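One structure is given below, represented as structure tokens, and several questions about it will come after.
When the chains are written out, they are named A, B, C, D, E and F in that same order, and each has its own residue count from 1.
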Amino acid sequence: MDTFSGSGLACLRGGRVVFAGLDFALRAGEAMLLVGPNGSGKSTLLRLMAGLLRPMEGELRWNGQPIGDDPDGHRGRLAYLGHHDPVKPVLSAAENLAFWAALDGRPRASVEGALERFGIAHLAEVPGRFLSAGQKRRVNLARLLLSGASLWLLDEPTTALDQQAAAAFREATAAHCEAGGMAVLATHVELGLPAVRRLALDAFAPTEAMP
Amino acid sequence: MDTFSGSGLACLRGGRVVFAGLDFALRAGEAMLLVGPNGSGKSTLLRLMAGLLRPMEGELRWNGQPIGDDPDGHRGRLAYLGHHDPVKPVLSAAENLAFWAALDGRPRASVEGALERFGIAHLAEVPGRFLSAGQKRRVNLARLLLSGASLWLLDEPTTALDQQAAAAFREATAAHCEAGGMAVLATHVELGLPAVRRLALDAFAPTEAMP
Amino acid sequence: MRGLAAIVRRDLRLALRQGMDSVMVVAFFVLATMLFPFGVGPDANLLARIGAGVGWVAALLASLLALERLFQADYEDGSLELLALSPLPLEGIVLAKVGAHWLTTGLPLIVASPLIALLMNVGAEGCGALVLTLLIGTTTLSLIGAVGAALTLGARRGGVLLSLLVLPLYIPTLIFGVGTVAAVIDGFPAWANVMMLAAIAVGALALCPWAAAAALRQALE
Amino acid sequence: MRGLAAIVRRDLRLALRQGMDSVMVVAFFVLATMLFPFGVGPDANLLARIGAGVGWVAALLASLLALERLFQADYEDGSLELLALSPLPLEGIVLAKVGAHWLTTGLPLIVASPLIALLMNVGAEGCGALVLTLLIGTTTLSLIGAVGAALTLGARRGGVLLSLLVLPLYIPTLIFGVGTVAAVIDGFPAWANVMMLAAIAVGALALCPWAAAAALRQALE
Amino acid sequence: MLKIVLQPDAFSRLGAKASPWLAGITAVLLTAGVFLALFVSPPDFRQSESVRIMYVHVPAAWMSLFCYTFMAAAGGAALVWRAPLAHMAAEATAPVGAAFTLLALATGSLWGKPMWGAWWVWDARLTSELILLFLYLGFIALNTAFDDPTRGARAAATLAVVGIVMVPIIKYSVDWWSTLHQPASVLRMSGPTIAAEMLVPLLIMAVGYTTFFLYVLLIRMATLLNNARIRALRQRQVRTGWEAAR
Amino acid sequence: LNALESGIVFFHSPSEVTEKAFPPDRRIRIGGLVEQGSVNRSGGSTVAFKITDMAHAVPVRYTGLLPDLFAEGQGVVAEGFLKGGVFMADEVLAKHDENYMPPEASAALKESGFWQHMKDQQANKASGKAK
């Protein structure tokens, strides 16, 4: 069974230590919520997990193996969702999704199915520039389903979503975990996911802010 | 006692009528929530109230006087907060605030006091680029306090705020209204402000969307 | 007035902290000019003849490149909305921003232009004329460029589009600027040309802030 | 490989749908060239002499302008993060994007260059040489420019110095490009120059994707 | 509201009725004009046969100026009254005008070689005409450069209005400055200096070009109108989709 | 306004050239009519002729191909530089005027003397404009 863990993680941003001595461990089928006040380092930790940032101290491991040993493999198994929705205004929703699927080179799942899951199948042929904020976010979430990644890293995924879409997201995440996937979510609001771990980030803020 | 009202407002965006026949009235000391689904025109109405957009039909009035008669005066009494946080990355939080205060040419209130109110006094000297999403939003909110404007127009003001900051915002708005100010807020979440009016925007959507 | 001064101060401070701008503009200016000795051979006479023209064209392109992002940053982070909503007239704000921009990019160009004159073998009077005409001309370029920058705000291909719009409008300034320098070098009276340059500058000063402000209002709608 | 092809296809499709990209680059190229007759006077012989140099400078500037936003759109809408997180090597991704970009902007430049040669009175052999050197040279420019574009994405992290380093890197390409055309026009053998151009191109192909990828990683930190 | 909804439909009906007529008239005029120009009109006393380029060049040059004026007027009207149809008229004119300009430049250049001894010179007339081409291109580029079509339309209209200063400059450049290009032969105060046998085919061609322009204008405006309708449907689709999902 | 230095003008008139002192190595263009009877093809491809605006005439020497329309009494623009009062041209362009007519008509006009009259008028206009 896959495991994803970090030990003794510390991160420096703009000359400040954001968190230090942070440990976590996650097993297949589990979801973890990152909580904490503004500036506590939720987004930072997610980018660290994705490999976009390197930790100042500590190490991330996949099945006990440091991910630094196989960064390509790590990138191959994760899907990241950040603050932006990378939906090109001149490509249709389906074209946007198809591109991301082709890029990963993974067996291409059904684009229509993914759109359907988030209630926007009827928008498949509509160019991105006509989509509202919430609709763009749904396209971005549909990308997760197509990616087939086992590790989802999601930064405030429910921004701009209405109730119905938020419910669809909850279901999708639950299904992903049930199928043996993992998810890490940074959030300010209660998502109502069943059986999640919580990581409160303010606990790791160093008392002395300067290194 | 000041009043701010609009009658028969209609607005066209991207060749489509967003709302039509919209009326509202607001008196000193009142707050008004704009509610409605994505794309119903909340942001549009706020920009209209600020004078960034001109209505296709209808008129806005301040104390019964059309604001078109005195646009400079109207700009002088409002403070607008949009989707972006205009925080320059190379200026410190305090410098950013001081600039906006100087621009309005209003008697300069204490920058430190405003930062303090939103719990970021310790970030006064930190350059904007080191601030997290929520911290930037707090700086932007502090700007409202400094502006001394009597009419606040706020577009989803609590985005990215944590609980504590949201509470600070609630207090500040309540204090503003108590002191005879007005506030119009577009929002998707319950803000818990006392004694507010509500304007549900989907009621004004024209049935025929085509021009 | 105090508000406008605050804008100038802020923009200068931003330019200073970000570094970049002035240095880049001057580097580009010198580089584009330096190319010609390589391109046409080190024939001192020839260089002297095309010197003023090349210097002017390089200055023009450099100022174009620098102008592209005049309003961009403020547009993207929402500052522009707040500026437009301030009680100050938008025309004045445009003028303040153009002024600050000219101080950080136009002025360094002018300071660097004697160097260009030296590189290109333009004599002392020619050099003086180059500095003078650039002094008048770059203000015009900045003002016209501001209109273009405002019109293309939010466009998908800002830079290239801007140059497509603005370059044709730059041509008169270029013609009279170069004409002045050429006349001075040849020993003809050049006042007529300088007057034309100044007239264009005054015209631009009167019209451009207004046009740019109108375009900005459109961009914010 | 399939992933990289998907990137090229997407970027071409984006350029096509957004339209005008190629047209605008060409327009800038022609406009920038046009400035010189005004700058140095419409003297046919002189124009012919500086024609190659001017054409090259204009091409360089056009490619610089077009490249400036090579990664910008993807950076701003978060696509770049996802590209960097895809299992493909980032160097390959850079190459694919530069390739697509060259097809939509570099190639039209080359197609338009005979027109420039005509406007500037450069003769037939000179024109042929211009096309050939641009063909080799613009690839180099695109590659070096990609490094610059990547650096300016993360310029806040003190990239001033680095981006200044990129501009001078254009110079050798220019010198040998212009040199080739001049040699051909004057009837000298030009192979040495062409070989140098090609050598620079190969060097750029080897180094630049790597440098640009490093710069992109920094920008995404 | 009513105005905006009604006008386009009325316009569509008008266009559908008028365009076949315009097509017919254009075909007749251009055929007649070409026939007269090539076979009937006499050679010039100095240029002999190469004068026949005139019948293509001169109307194209005239149209380049006329189309720009029309475009700027439509753009100005669109800005003042916020009338979508006026925007469409300006938008529809731009590529046609650009094509005429290109044609004038190309045929002028072709004519210049035998006449002057040079394909191209940098005199005021030729240069200003080239700048006109760039104004057209700028209009087209600006119009399509934004995700929001109305923003593009208004920015482009602003440019068109500003650029109108070029038209008198082009027209009078030959009088204000010394140019290699000849002064006006037809549109001059003291009457044409072209022999009648040459003037008549020239004018027929000019009228033919104009009806051709009107024809293309109608067709293109109809297309733009349809595009706008499709866009509106798309938006409605987005909206109803949202409502269904709600 | 004196447009002399401004680069907008494509050519200068002979009067300007004789009255103003252009620096000897400055390339300029002179435009006007080829003076009647002044063309002298002195062997090879070198021609000498005079460009006139009826007030002043400038002698020109040119080696090379002439455009088809080059003829006495016709408009011409020569590019080169002045050397000891003689204009050494290295490019000669023909300048066409605004008159178009069939050959027969022009012959008829010439007979009636009207043609010469028109030429004079035009030349006067050209020289007047430059002043």
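Going forward, a contact is a pair of C-beta atoms (placed from the backbone, for glycine too) under 8 Å apart; a residue touches a chain by one contact, two chains touch by 3 or more.
Given the structure is predicted, the values throughout are model-derived calculations rather than measurements.
Copies subunit C and subunit D of the same sequence differ in orientation by 175 degrees, per CA superposition (steps of 5). Placing every chain at the mean of its C-alpha atoms, the farthest one from subunit F is found to be A.
Chain pair with the larger contact count among D-E and A-D is A-D, by C-beta pairs in contact. Subunit A and subunit F have Cα centroids separated by 79 Å.
In terms of their C-alpha centroids, the spacing between subunit B and subunit C amounts to 37 Å. Subunit B and subunit E, compared by their mean Cα positions, are separated by 47 Å.
In subunit F, the residues that touch at least two other chains are 7-8, 10. Residue positions of subunit C touching 2 or more other chains, listed in rising order: 18, 156-157, 161, 164, 167-168, 171, 175, 178, 182, 221.
Counting partner chains per residue, subunit E shows two or more touched chains at residues 118, 121-123, 134, 137, 141, 145, 147, 235, 242, 246.
If you check the complex, the residues on subunit C that touch subunit B are 2-3, 6-7, 10, 13-14, 17-18, 74, 76-79, 81-89, 220-221. Across the complex, subunit A is touched by residues 147, 234-235, 237-238, 241-242, 244-246 of subunit E. Only residues 42-47, 51, 54, 114-118, 121-124, 177-180, 182-185, 188, 193-195, 197-198 of subunit E touch subunit F when the two sit together in their complex.
Of all the residues in subunit A, the ones that touch subunit B in their complex are 13-16, 36-39, 43, 83, 132-135, 156, 159-160, 162, 188.
Residues 18-20, 23-24, 27-28, 31-32, 34-36, 38-41, 46, 49-50, 52-54, 56-57, 60-61, 65, 156-161, 163-164, 167-168, 170-171, 174-175, 178, 182 of subunit C touch subunit D in their complex.
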